[in-house]
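Across the two complexes that follow, chain A remains constant while its partner is chain B and subsequently chain C.
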Partner chain A sequence: MGLTKATKGRLFRLAPSTVLIVLLATAPAWADISIISLLTKIIIFGVLAMSLDMVFGYLGLWSFCHAALFSVAAYVDAILIQHFGVSFWLAAPVSILAAAAAAALFAWIGLRMSGIYFLLITLALGQLVFSVAFVWRAFTGGSQGLSSISYPNIGIEFSPVSFYYFTFVIVLVCAVILHLLMKSPFGYSLRGIRENETRMIAIGFNTWMHKFIAFTISGAFAGVAGVLYVHYNGIIIPSTGDMASSGLITIMVIIGGAGSLWGGMIGGAIIYILSYFVSLFTPERWPLILGACFVAAVMFFRGGVYPQLLRWWRLASGAKSALRESREG
Partner chain B sequence: MEVMEVRNIAKNFGGLSVLQDVSFDLRAGEKAALIGPNGAGKTTFLNILSGLLRPSSGSMHFLGHDLTKLTPNGRVALGLSRSFQISSLFPGLSVFENMLMALFGLQKRRYQMFRSFTGYEENNARARELLKGADLWLAKDTPVSDLAHGEKRRLEIALSLSSRPKMLLLDEPNAGLDAAETSGLIKMIEELPRETTTLVVAHDVHFIYRLCNRVLVLYYGSIIADGSCEEIQADETVRSIYLGRRTKDARIG
Partner chain C sequence: MDVVIVSVLSGMSYGVVLFLVAAGLSFVLGLMGIVNVAHGALVMTGAYAGIHVAKATGSLILGGLAGALLAGLVGFLLERAFLRNLYKFQLEQILVTFGFIYILANIHLWVYGSWPLDAFVPSVLNGSVVIGRFSFSVFRLLIMGIGAVLCPVLWWIQDRTRIGAVIRAGMDDPDMLAVMGINLRPVNIAVFFAAASLAGFAGVIGAFPLGGVTLGLGQDMIFLAIAVVVVGGVGSIQGAFAGALTMGVFSSVAGTYLPAAAIFVPYFLMVAILIFRPQGLLGRSEA
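The block that comes next holds the complex of A and B.
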């Protein structure tokens, strides 16, 4: 039985993400341990970038505190496990809730402003988290941070490969949830607010509430990334949540494609893969390369790398089907 | 029955007084026009009625509810809807998605997170009905940024109608439309339920006379005339404002 034209088109459109998922799922078969470690880092920061994209790309809010929300979850998880001996099953959800609560507080304070002023408030609040992590030595370890954090103790003896799969499954679940969220009435309302907030108000939306909820949910996903990161990295230091880190995540989203969800993951992959390979040859000049990539992405990939690749793929798809139809005709 | 009661509305921007002592009532089903020269305060007044601006003083009641401190979305929930002078749409979304967005505006489903935006059959059916009424159904998949000006105006009105408003505020709905498009727009408004009250801000007198049975004239922030189309046409003060002739009883300022 032949496939319908619509099904064929859908399969063709889904092909890139399917290939990507299959590549990631089979990574241990084709990659060595250092690449597995790099991929683990990429997908963890991919979730963080997607959480930022939810408010930056979809909602149009310039947040500069997502690294701080990420580090709130990482610190809470590490403190609960190291200082209080709490199990991972309890520490992880509490840490995610802590990041969501911090995001709710930041949104409650910051959403009185918009545009560049919102960015400045989130930047200041993010730096506040950094300062607390720096000075509250009894719990956070101060500038030395908290170290020797092992893989999650969930009854499995983790290796780098099994932790990669553990992370991969959680990241995939997060990506699916975020994807569904963005296709829902709530997700569309975020796009509506970005496009024309006045009109959204005029048709009955309480836009403040939508922004508040979106920012809080985004904080929770940043928290998921934070929990995974602290177990992956084994150490958490104050600079993980500083404004330079928030800036790097913003660059990931812009390079990958703001408002495309997967773009943040692609942007993170570009940055970390380049960082890995360029650092092998010229560690000191890595920031120069990053700067050049950022300029090139903005100039040649309007709207980001991922949306541009998708456009080319769809064009190729359209050209192929047109060619096939002309032959059949 | 009075639908809208406006009492002594004033609006100041710093030292600039834009509206002074504006008062009038509108009955259910009434189609009224608010006219006046540029800068008279018409759009400011509409922004105050719809809640985008707060009045400096005065009060407004809609169907017995005090609007003065009510949020804009609260006013929409009561049945007060508006359109904008410059088409205010969602340019990155398709025509159909724009319509659906407007339909979700008053539904609790707007907070639904795990069901598709296009997965509500009754909303899709209503969007189809509204777009057919606005003659936009064939353009349903077109991004709004690709629409012609007249199509954007029709979509603008269709969005305002999505909440089945009890009162509609239209800010220069026929701006930039040709005669045929204006006739289509009038037809759309005339097809509204009879009990829908309409307040239209416009400059085009012919458009107003075809659509409205009452005209309010705003001049430098004050209502200087209020009556039927014929009465307003015959009013010497209004004629002097529009034609530039001075009369001894012209009230200016």
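The block that comes next holds the complex of A and C.
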């Protein structure tokens, strides 16, 4: 055959993601409408989980406000469209910018701290968003939230399937951008800051600025997910952005494998598929099972599912290249 | 003027409840480095069990004891089964204990149903005293009395007893303590149990100023308790007391004059303190 060893290795490495993308792209052919809806939810929250993983896994910042950033974009989008009749083309970018601006503000306040104190202050700031959504009834609808938000009005008659494709394309673009960003020198400097910030300062990096920019970008991607979600779900309530939701996103990242980008989406898939089946059989006990997931994820799967799958796949694709990969990655 | 007095007084009684919850959280964080997010769920555990016992027996004292005991027991199991393997892994502790908020709330839903539970107020304490044109509940006075007794006692234990000295030393330098032949493990277990019991007790008596308890208490309470610990400072009784009273009084006064703003009080206090005085009002200075 005309294939060199390197090409073969690359083909082997890309095979799982290709299969996954093909499966997702052809989903309407093999899945019924409730599964399509579930998949839409999974890939939307996948973007959110990846945006969190960017600061959580790569940068090592324990953010506990990503669900709040997500809901900032969702609320801004819904308010602009419902109260001001703004078109989707304007509302969506403004909402994403609003989430990025909130992230920048939170980072500016929070980056005075590190570790557990960063977590606590982002938790407090996230709850602040929740409270604003709760109290500011005129715009946010208070505890009732905002409802009957339609699919984006962009000249296409959306059905659940076409909205799935719309979401799928945007999610794919986001994932590729995030992937390239994490492969860039900027992405590697984030890893450097996670491993040894003092040394990064010593070799001349402005680590504060790196963290600030990374957090802001991360907020923008959380915003993309928020905008998609509000059109998917049609309703947005304050608790979408509370600390419990932020904890859930963190658990998705942990289950999937922190610092592996795609892991967050896989973790989200595991949680939501489980939730889907539990809701069929015993919806009352879902919180109990979710809590058990939290405990099990931390006690037993701390490395995450995705890195483990990756390791097995590489072992299968030949021990030599697996060894090289593990040394690089 | 009377409005201010009543508002400050009810803020203080609310503050005592916050103090009982936050003191435990603060000590567990200071001594063992554990962030127990399920601490609020222990308040709920104590509240539900204690109020049911109190309503069955007609005795607030029995109810308080039952609540404290059950919360302490659950806390003890939580520490022995899970947290003890996660010392120094603060993020993991947060996530595991976060899971227990869900688990405990769902178990309570299972056992007690989803209705909110009213506080138990013994008929002796059902009255109120008159302050100017306003009245103030006797039960709230009792809570303030409990705070006035418990706070000095806890302070005395912290500053004047041998166990208090061991705890303070354990916060500063556990390795040195080990070198001196003191085993911190039983101290840790005892502190965790005591913290959980205080939380459970706070749930039973706090149900009144909180306006009854619901299954969401675990989440509501933990956020307030964390805010109190951050405002007051980690690892000291006086810090938790200062933080809790500040939080209670500010919330209550804001609730009287600017109800829409009351919900934001914990955030503003917490963010302001973290920016301008990260060690908290009366925290142990960062060694």
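Worth a mention:
Methods note: the second predicted complex is superposed on the first by the 304 of 329 C-alpha atoms of A that agree within 3 Å, B and C clash if a C-alpha of one lies under 4 Å from a C-alpha of the other, contacts with A are read in each partner's own complex, and residues count from 1 in each chain.
Everything below uses one rule, namely that a residue touches a chain if its C-beta (ideal position, glycine included) is under 8 Å from a C-beta of that chain, and two chains touch if they have at least 3 such contacts.
Keep in mind the model is a prediction, meaning the values are calculated, not measured.
In the superposed pair of complexes, A:L11 makes contact with neither chain B nor chain C. In the superposition on chain A, A:G115 makes contact with chain C only, while chain B stays out of contact range. Using the contact criterion defined above for the overlaid structures, shared-chain residue A:Y188 touches chain B, although it does not reach chain C.
Counted by residues of chain A touched, the larger count belongs to C, out of chain B and chain C. When both complexes are overlaid on chain A, the residue A:L105 reaches neither chain B nor chain C.
In the superposed model, A:R199 makes contact with chain B only, not with chain C.
Contacts of A:A25 after superposition on the shared chain: neither chain B nor chain C is touched.
Of the two partner chains placed by the overlay, only chain B lies in contact with A:I213; chain C stays clear of it. Across the interface of their complex, chain C is touched by residues 62, 109, 112-113, 115-117, 119-121, 123-125, 127-128, 131, 134-135, 242-244, 247, 250-251, 254, 284-285, 287-288, 290-295, 297-299, 302 of chain A.
Of all residues in chain B, those touching chain A in their complex are 50-52, 71-73, 76-77, 81-82, 84, 88-93, 97, 100-102, 104-106, 109-117, 159-160, 162-163.
Remark: chain C residues 35, 82, 85-86, 90-92, 94-96, 98-107, 109-110, 219, 223, 226-227, 230, 260, 263-264, 266-267, 270-271, 274-275, 278 touch chain A in the complex.
Across the complex, chain B is touched by residues 180-181, 183-189, 191-192, 195-196, 198-206, 210, 213 of chain A.
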